[in-house]
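Let me give you the structure first, and then I'll get to my questions.
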Amino acid sequence: MDGGSSEFVGPRQRWLASEGSTAERLYGQMWLIREFEERLLSLFEEGVLTGTTHACIGQEADCVGVINHLETGDVIFSNHRCHGHFLAYADRPEWLAAEIMGRGAGLVGGRGGSQHICYEDFFSNGVQGGIVPVATGIAMAEKARGTGRIVCVFLGDGTLGQGVVYEALNMASLWSAPILFVVEDNRWAQSTPVEKELSGSMVARGEAFGVASSEITSTDAEEIYGHFEGIVAAVRKTGRPHLGVIHTYRLCHHSKSDDMRPEEEVEARRALDPVPLLRSRLDEERASAIEAAVQKRLEEAFSWALDQPHPAAETLRDPLSTS
Amino acid sequence: MDGGSSEFVGPRQRWLASEGSTAERLYGQMWLIREFEERLLSLFEEGVLTGTTHACIGQEADCVGVINHLETGDVIFSNHRCHGHFLAYADRPEWLAAEIMGRGAGLVGGRGGSQHICYEDFFSNGVQGGIVPVATGIAMAEKARGTGRIVCVFLGDGTLGQGVVYEALNMASLWSAPILFVVEDNRWAQSTPVEKELSGSMVARGEAFGVASSEITSTDAEEIYGHFEGIVAAVRKTGRPHLGVIHTYRLCHHSKSDDMRPEEEVEARRALDPVPLLRSRLDEERASAIEAAVQKRLEEAFSWALDQPHPAAETLRDPLSTS
Amino acid sequence: MTSTVLRSLNQALHSMMEEDDRVYMVGEDLLDPYGGAFKVTRGLSMAFPDRVWTTPISEAGFVGVATGMALRGLRPVVEIMFGDFLTLACDQLVNHAAKFSWMYAEKVEVPLVVRAPMGGRRGYGPTHSQSLEKHFLGVPGLAVVAVDPFGSPGDLLRQAVADRRPLLFVENKVMYARRVRAVQAGRMGAFSVRETAGPYPTLTLSLGEFLGGDATVVAYGGMAELAVEAAEELLIEEERVVEVVIPRQLHPLDVEPVVESVGRTGRLVVCEEGSGAAGFGAEVVAAVSGRALEALQAAPRRVAALPVPIGNAPTLEAATLPGTGEISSAVRAVIGPARPLYSIG
Amino acid sequence: MTSTVLRSLNQALHSMMEEDDRVYMVGEDLLDPYGGAFKVTRGLSMAFPDRVWTTPISEAGFVGVATGMALRGLRPVVEIMFGDFLTLACDQLVNHAAKFSWMYAEKVEVPLVVRAPMGGRRGYGPTHSQSLEKHFLGVPGLAVVAVDPFGSPGDLLRQAVADRRPLLFVENKVMYARRVRAVQAGRMGAFSVRETAGPYPTLTLSLGEFLGGDATVVAYGGMAELAVEAAEELLIEEERVVEVVIPRQLHPLDVEPVVESVGRTGRLVVCEEGSGAAGFGAEVVAAVSGRALEALQAAPRRVAALPVPIGNAPTLEAATLPGTGEISSAVRAVIGPARPLYSIG
């Protein structure tokens, strides 16, 4: 299960090696993400887990629609709502579960928890906005080193309130950084509706900085997957940044149990839930088989993770100590 | 000369009370600014003054074109390049000179110097960008207090690199702050040409945040004055922000003697120097009379300022001490 | 009637907004029914819809906006959702709000309050658990005040809002749920209490009627309660008499009450939840050494977090942040193995 | 051959860029012919046009960009034009660069250097004259190093660029023009010199061959030279023997050399150009009190700026910032009126 020795295969390579139709493959990934988070939330409710976590329930189509286009070595910088991004990237629920449970076998030894993870070329941090220039710097480094890799950074609608995002857009544009800014506009920032936190237009904001920008209003994973195929290819080919806005919706609370949005609004959006939406296109038998396989994996992943020991306090060492 | 007792008359009221044609009045103000700064630079060259200073030579038309529309009580927040703004606002060269000379009789007792001044409703600070949210807050306060006053904040093209500017644009737009953002695009930020610091479009940046935006390429004070008449009126009437870009040029060095721009470029721009441009429209005799009157005022102002004592170190007191 | 720190702060905000229409709330997610991440502002937007401004996620921007409001006579109270993000407002505080009044020759005032919930012990991980106030100590023009569960937290906040200086008001997340312990007629439970004058009185608590003691423990904010607990335990279990000094204004610091207490005890321990280097404890120890070196009978000790980020795993977080155990050990260490000459009773 | 600090730093950058193509410069107005506001990067963009990136005025943004570069194996050296604007990069340093390596379980390193010219005495006024490094001391994961004119400033910068930790490199504007004073065979002029091991050696200078002395003065960066001047004057004019300890790594601080020196002198003065509260001096005094209280024969003193913004007027600036006069007075104050028992020669 810890499999630390095998070489990492990037999302695109894994995608190409996997079986089934596009819809089936996307569905399998989305189901993994959904079920992973549902389990996680139960553990929080049961009091097995403490602290906080941000589920991406309702936004799984973004994760799989974008990330399956990224090659081995491409970099992802994600934010507080990173589980879906990570699972689409690495397909390693056991390590993520262990991390969120604060186990030493977690992705970063229990140090980061739900929103501060790192694995291969995947990173996340819980401070809104600040990751955007960092991701831009990574893109510039890859360009300078001539690796051909690109970077994909995820941010929410609310995070467009952070000034440093525009500093990064400006530099990415001036210097031609091969970076894809993915704005997941889920219409809310914590308890604040988008109308109260964002003026003007998201796409226009990208364009005003000379960054090619696009938008799609969808929770359809196949559609998003198709939409980003060309975008990712263009970033790779031109070496120029792109800002891709996905207008979607968060179906769960912001973090654990803090949802105070109008019930009718949330209810209306459930009809667009990306998981049943895609399932309806699948053969029932195939869908059930995919789900069963995922359940089995998650069962094992969570029970493995729960068995792992907590990190020992003795591992704490001043990062500045040079010895 | 210190005249501290007389009540302050705002720029619009002073403008209305002053004599002569529009061109003559604008010219008198511009000449005051130009001559003030030329004298200042000489004093630096002679070593009488030390430290640093940023002249607005070449950009005087912005100062007079915008500020003469502001009423008593309207607020200006200016930046490092604030002399012209201040003189257009307050017409008090003696206090500004004393301030830059580090005299106790200066605008802020010699504490601020060239770029940190305050007088009535005029403020400036030398940290790029940070003044923009502060100015937005002032506008919101005036709105909350129902005073009908508006705020005008000046920033340079380079300062559009600061993220906090966009945080302010967003809030000003969301909350309808009665504020005019004046971008003086003088094509350079210190030693950096605008192409190397700014991507996309300035006006598009304002619009992307839902802020009405306009631009004018001009060094003609009458034209700029006319252009901003409607803009200032609209901000006052609608209570909404506006971003007004003026494409102009800095004819002097950035600060004192640090000009390394291509000579041909600067030379070509001298043809558009706002001061001779406007003078050419005036009657020679009137122009000379205006100039002579200004010279006399400045003579007195500078000699008065030079006579003022430096502030005593004993005046230093911890601003946090409550006694 | 007992109250929690949260309730006390919330009620103070309610009554201030009621009494003074210059008081505004500015920050993220403040609107009801949500009422702010930690609910300190709950109910305010229902009662005063025009004066509670929920903001975009723009910490620098809205601290700047509030500074502008303060410059024009309003009394903005800003909430930084997590104190960890004060870093984003650092320039606004240091190079704008803190400088304006002095730099503009006192022509203006900036009566700004920035509230920052700090601290860990809730499993929020490296970016949502820090106590960063030490980095904001000693900025010319910026006062720093920390609230604790003793006396009236709400009254302390009232003083902050009435203060004409820009001020950082440090809260502690775990403390919100704690019961307020009133100080009455110079007593708080078994402790006798002395308070200094002024808006942010320093408390000195003694279990030995100020007749002397084994050590002085200085602690503020969320650590104050832990220090009091440690003092209680040390008395009961080891017959050690500890005085606890609880400053509220961290900067500028009035070190006199500490010096006085050390005069009685001869030994000093200073606590803070943040990491220790160049922090609050350093200032207290340096100030006491500078003022009353001769009073120190043993090397002073600082109790603070380990110099690592705060891990998410409960084991790591608990080992990183100081608790009563660390305070007691430090007290034992400064007292040393031998019984001091002084003995109680 | 004598050199200035500026030249030494500039040459080090030149040779590092020559030797290692992972070294990049990032900052405002770095391109030639301008070559940076204080000319530390002069000539670099001519020699290495692809590796000198002049930036927009985006301090937070380009520190973030450099952090990303460092994460991917490059060796970015950032220049903050005026150290005053480090405030804008505070979040990037504290919540990103400093945390990554530890938070990501040491899977990554962030070999980032952020150079910050600090200090006043040039008449630049309240927002362009500060020494703000104290606010960045004690961040878990962030090293702070300050350069002075002794030994080789360029070598210190080389060590910083070779360092695998994110690091704040504090320079001092006035110091750029100062002559470098070499340390050779344990001597610098009349001083005998001891150096600790490691990349950022602490210097201890003695005019009394380390046989003892009247006081220890600790000073770093731009203040180091003033401390040396004060020591020279105090010897010549008052026959006082002062040891000067010059730390380079301000955080984490190796306090041993200070403790050793105080062991010889019994008296301690700590200097910094920034305002004093909760600053570098507080840490040094607290650390020495904690480690070697018994060695302190007099209350230690801190020499620092007054707790006000730095006025533009020369009279105000001079009165606010500490000079040799303040250092000498502090030395006299810790020594006290009576001659110490020890006498030289």
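By letter and in written order, the chains are A, B, C and D; residue numbering begins at 1 in each of them.
Quick note on the criterion: a residue touches a chain if its C-beta (ideal position, glycine included) is under 8 Å from a C-beta of that chain, and two chains touch if they have at least 3 such contacts.
On a predicted model such as this, the values are computed, not experimentally measured, just so you know.
Ranking every chain by how far its Cα centroid lies from the centroid of chain D, the top place goes to A. In summary, the interface at B-D recurs among the listed pairs A-C, B-C or A-D; the equivalent pair, sharing over half of its contacts by residue number, is A-C.
Inter-chain spacing, taken between the CA centroids of chain C and chain D, is 31 Å. Chain A and chain B have Cα centroids lying 47 Å from one another. Taking each chain's centre as the mean of its C-alpha atoms, chain A lies 42 Å from chain D. Across the assembly, chain C contributes residues 55-56, 58, 60-61, 84-85, 88, 91, 95, 99, 102-103, 126-127, 140-141, 251-252, 307-309 that each touch 2 or more other chains.
Counting partner chains per residue, chain A shows two or more touched chains at residues 109, 111-112, 116, 125, 127, 160-164, 167, 170, 174, 196-198, 318-320. On the chain B side of its complex with chain D, the touching residues are 50-52, 99, 102-104, 106, 109-116, 125-129, 158-163, 189-192, 196-198, 258, 260, 310-313, 315-320. Taken in their complex, chain D has these residues touching chain A: 24, 50, 53, 55-56, 58, 60-74, 76, 91-92, 95-96, 99-105, 107-108, 140-143, 165, 198-199, 251-252. The touching residues of chain D, when paired with chain C in their complex, are 84-85, 87-88, 90-91, 93-95, 98-99, 102-103, 126-127, 132, 134-141, 251-253, 275-283, 285-287, 289-294, 296, 298-302, 307-309.
Residues 107-109, 111-112, 116-119, 123, 125, 127, 130-142, 144-145, 163-164, 167-168, 170-171, 174-175, 318-322 of chain A are the ones touching chain D in the complex. Put simply, chain C touches chain A in their complex at residues 28-29, 31, 33-34, 37, 54-58, 60-61, 84-85, 88, 122-128, 306-309, 311-316, 318-320.
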